[in-house]
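Note that the chains take the letters A, B and C in the order they are written out, and that residue 1 is the start of every chain.
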Amino acid sequence: MRRNSLLERIRLVGRAGLDVLAASGRSSIMLGQALVGRSGAGKGWQLLVKQLYAVGVLSLPIILVSGFFIGMVIALQGYNILVTYGSEEAVGQMVALTLLRELGPVVSALLFAGRAGSALTAEIGNMKSTEQLSSLEMIGVDPLKYIVAPRLWAGFISLPLLAAIFSVVGVWGGAMVAVDWLGVFEGSFWGNMQNSVQMTDVINGVIKSLVFAFVVTWIAVFQGYDCDATSEGISRATTRTVVYASLAVLGLDFILTALMFGDI
Amino acid sequence: MSTDSTYAVELRGVTFKRGERTIYDNVDIRIPRGKVTGIMGPSGSGKTTLLRLIAAQLRPDRGEVWVNGVNLPTLTRSELFDLRKQMGVLFQSGALFTDLDVFENVAFPLRVHTKLPDEMIRDIVLMKLQAVGLRGALDLMPDELSGGMKRRVALARAIALDPQILMYDEPFVGQDPIAMGVLVRLIRLLNDALGLTSIIVSHDLAETASIADYLYIVGDTQVLGQGTPAELKESTDPRVRQFIKGIPDGPVPFHFTAADYREDLLGRR
Amino acid sequence: MQTRTQEIGVGLFLLAGLLALLLLALRVSGLTVGQHDDTYKVYAYFDNIAGLSARARVTMSGVTIGKVTAVDLDRDSYMGRVTMQIDKRVDNIPVDSTASILTAGLLGEKYIGISVGGDEEVIKENGTIRDTQSSLVLEDLIGKFLLNSVNKDSSDK
């Protein structure tokens, strides 16, 4: 068995494929055992509140600030393009549609992966390496129910709300730039927006962020739960969370967009 | 099958593999009830694995693990969680929950498994903390404690539900002599006062031998020797002697298995 | 103490999130509650509907009273058929009203404007507006203008 023989390379490919399969199997089992069945340790509501705080409330500042800036930037860029066609009133429509359909769900999911996802992975990984998870098991508490499940739910609930807040703040920022600064007539800014934005756009955005919430949280929690219980393993798992979650969000966004807006 | 048999834990013909590597091969270990039993062996010999087998956090590839008359590998996940209430484990790092203070850490098992009123939980927690001498540390967070104190708080938490079996994973590692003395005394005291069965996994020979009633020496997938500390000191088995006397080379070789030295240096490039 | 502030924070967060969703629905998308029950369907046939698409506005005197839900080709007459949902509150459109395809600004979006006729009878559910004015196609307009000036030149001689 030479190290660089063709056969050896094929073996490595096969090995990588098997690893991926095994990881997806383990993560599905984790998800199933965490979310299905009796909650065990009671007082589930308190645990959820605590995680909603850590995952949702603490992500608010970054979501608010980025949403505001992104809305302002779209308004500026959009105005510069639209003004050459003399239809700068459409800037409201542009800001709202861009935010609702794409940037709201996607950027907030990416920020969420970086802020809350990495924190979830690091926290659970740390609990694993300090044997807190084993310790819970020995006390007779299922860590999947006590640690994993509330974090999953908190992620599922938080991200769609964060995305909605992101979009609202973005529209507000866009309105500030367009109306107060660039002098677009306020009535046509909002009127154009309301005429062109459909309820389906809002709903599609929410569906997107629900899917992203599920995937990002799942990846983050699984990476923490499955990591090597060493400090090196935790840092690698944290990196993997951000990379995998971001790639998953962007890939899924394309698929969802194709499904939603592909053939009108 | 009754719980009052002389052995609290019995491993019968247990084989455990991690990947390709065999950690235990057809091992029999019996832990006498009400005694302090030490399980010793060189680092990397799978002592912690043994604890996890007894706690059913790992499943043996073959063999039976009987705890209080129940064969663990046959239980379901939820039955296991119920059974674990009879066991306490003191992990190497203490494994305190970092987001809870000392009081809540000790109160945690009580809150989860009992419906006791708050005042009663408070009384029990105070008693357990008093037993380990840390009643004054009630309001501290785990990261404000020294390593030795963490372990004592973890000990208080492990005995909160009055388990029948208490396991210690490397309790003496990284402790200053005073903290070590405190722990040794506590383990013995708790064992006798609460009528526990204690299992100590350790490679610190002197401390373990000073409190254990019975010792197992494991290594090389086998039980190398067993007996009271005095018996083991007189053992003629070369592997047991090497471990007890701390001889660098012997049946456990100094060199990790490798190709021929001369050939490695001069031979193929 | 700590859990109290956390609970308050989470409560505010949840409220803010729901409020944001509500704002998106009402302020941004201009949702009027219960669209489908409160509208009725009206058809109009145009020679040329170029540029008009579903979701376009339907206005009367500049006020939006409905929207276009479908644009398709009528196989028999080769005309473009536009399906509109008109607000039930505007149930008094005379049958001889005119529907025209208009443009917002020079290059803006197309929409339908309805100018009121004088008949007593009003359009019912699934009714049709007979009198229509097609989309203004810029190329046709320029072509006509050029043709006119050529004709003028030749008649002057």
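Side notes on the structure shown:
To be clear about the criterion, contacts are C-beta pairs under 8 Å (C-beta built on N, C-alpha and C of every residue); 3 or more make two chains touch, one makes a residue touch a chain.
From a predicted model like this one, the values you see are computed outputs, not experimental measurements.
If you sketch which chains touch which, the chains link end to end in a single open path, with no loop closing it. Sorting all chain pairs by how many C-beta pairs they have in contact places A-C at the top. Taking each chain's centre as the average of its CA atoms, subunit A and subunit B sit 41 Å apart. Subunit B and subunit C have Cα centroids lying 77 Å from one another.
Chain centres here are Cα averages; for subunit A and subunit C they lie 37 Å apart. Shown for subunit A are the residues in touch with two or more other chains, of which there are none.
Across the interface of their complex, subunit B is touched by residues 33, 38, 40-43, 126-127, 130-132, 134-135, 137-142 of subunit A. Listed in rising order, the residues of subunit C touching subunit A in the complex are 3, 6-7, 9-10, 12-14, 16-18, 20-21, 23-25, 27-31, 54-55, 57, 64, 105-109. Within the complex, the subunit A residues that touch subunit C are 46, 49-50, 52-53, 56-57, 60, 85-87, 90, 96, 100, 157-158, 160-162, 164-165, 167-168, 171, 190, 193-199, 201-202, 205-206, 264. Every residue of subunit B that touches subunit A in the complex is listed here, in rising order: 52, 55, 57, 77-78, 81-82, 84-85, 87-89, 91-93, 95-98, 108-109, 111-113, 154, 157-158, 161.
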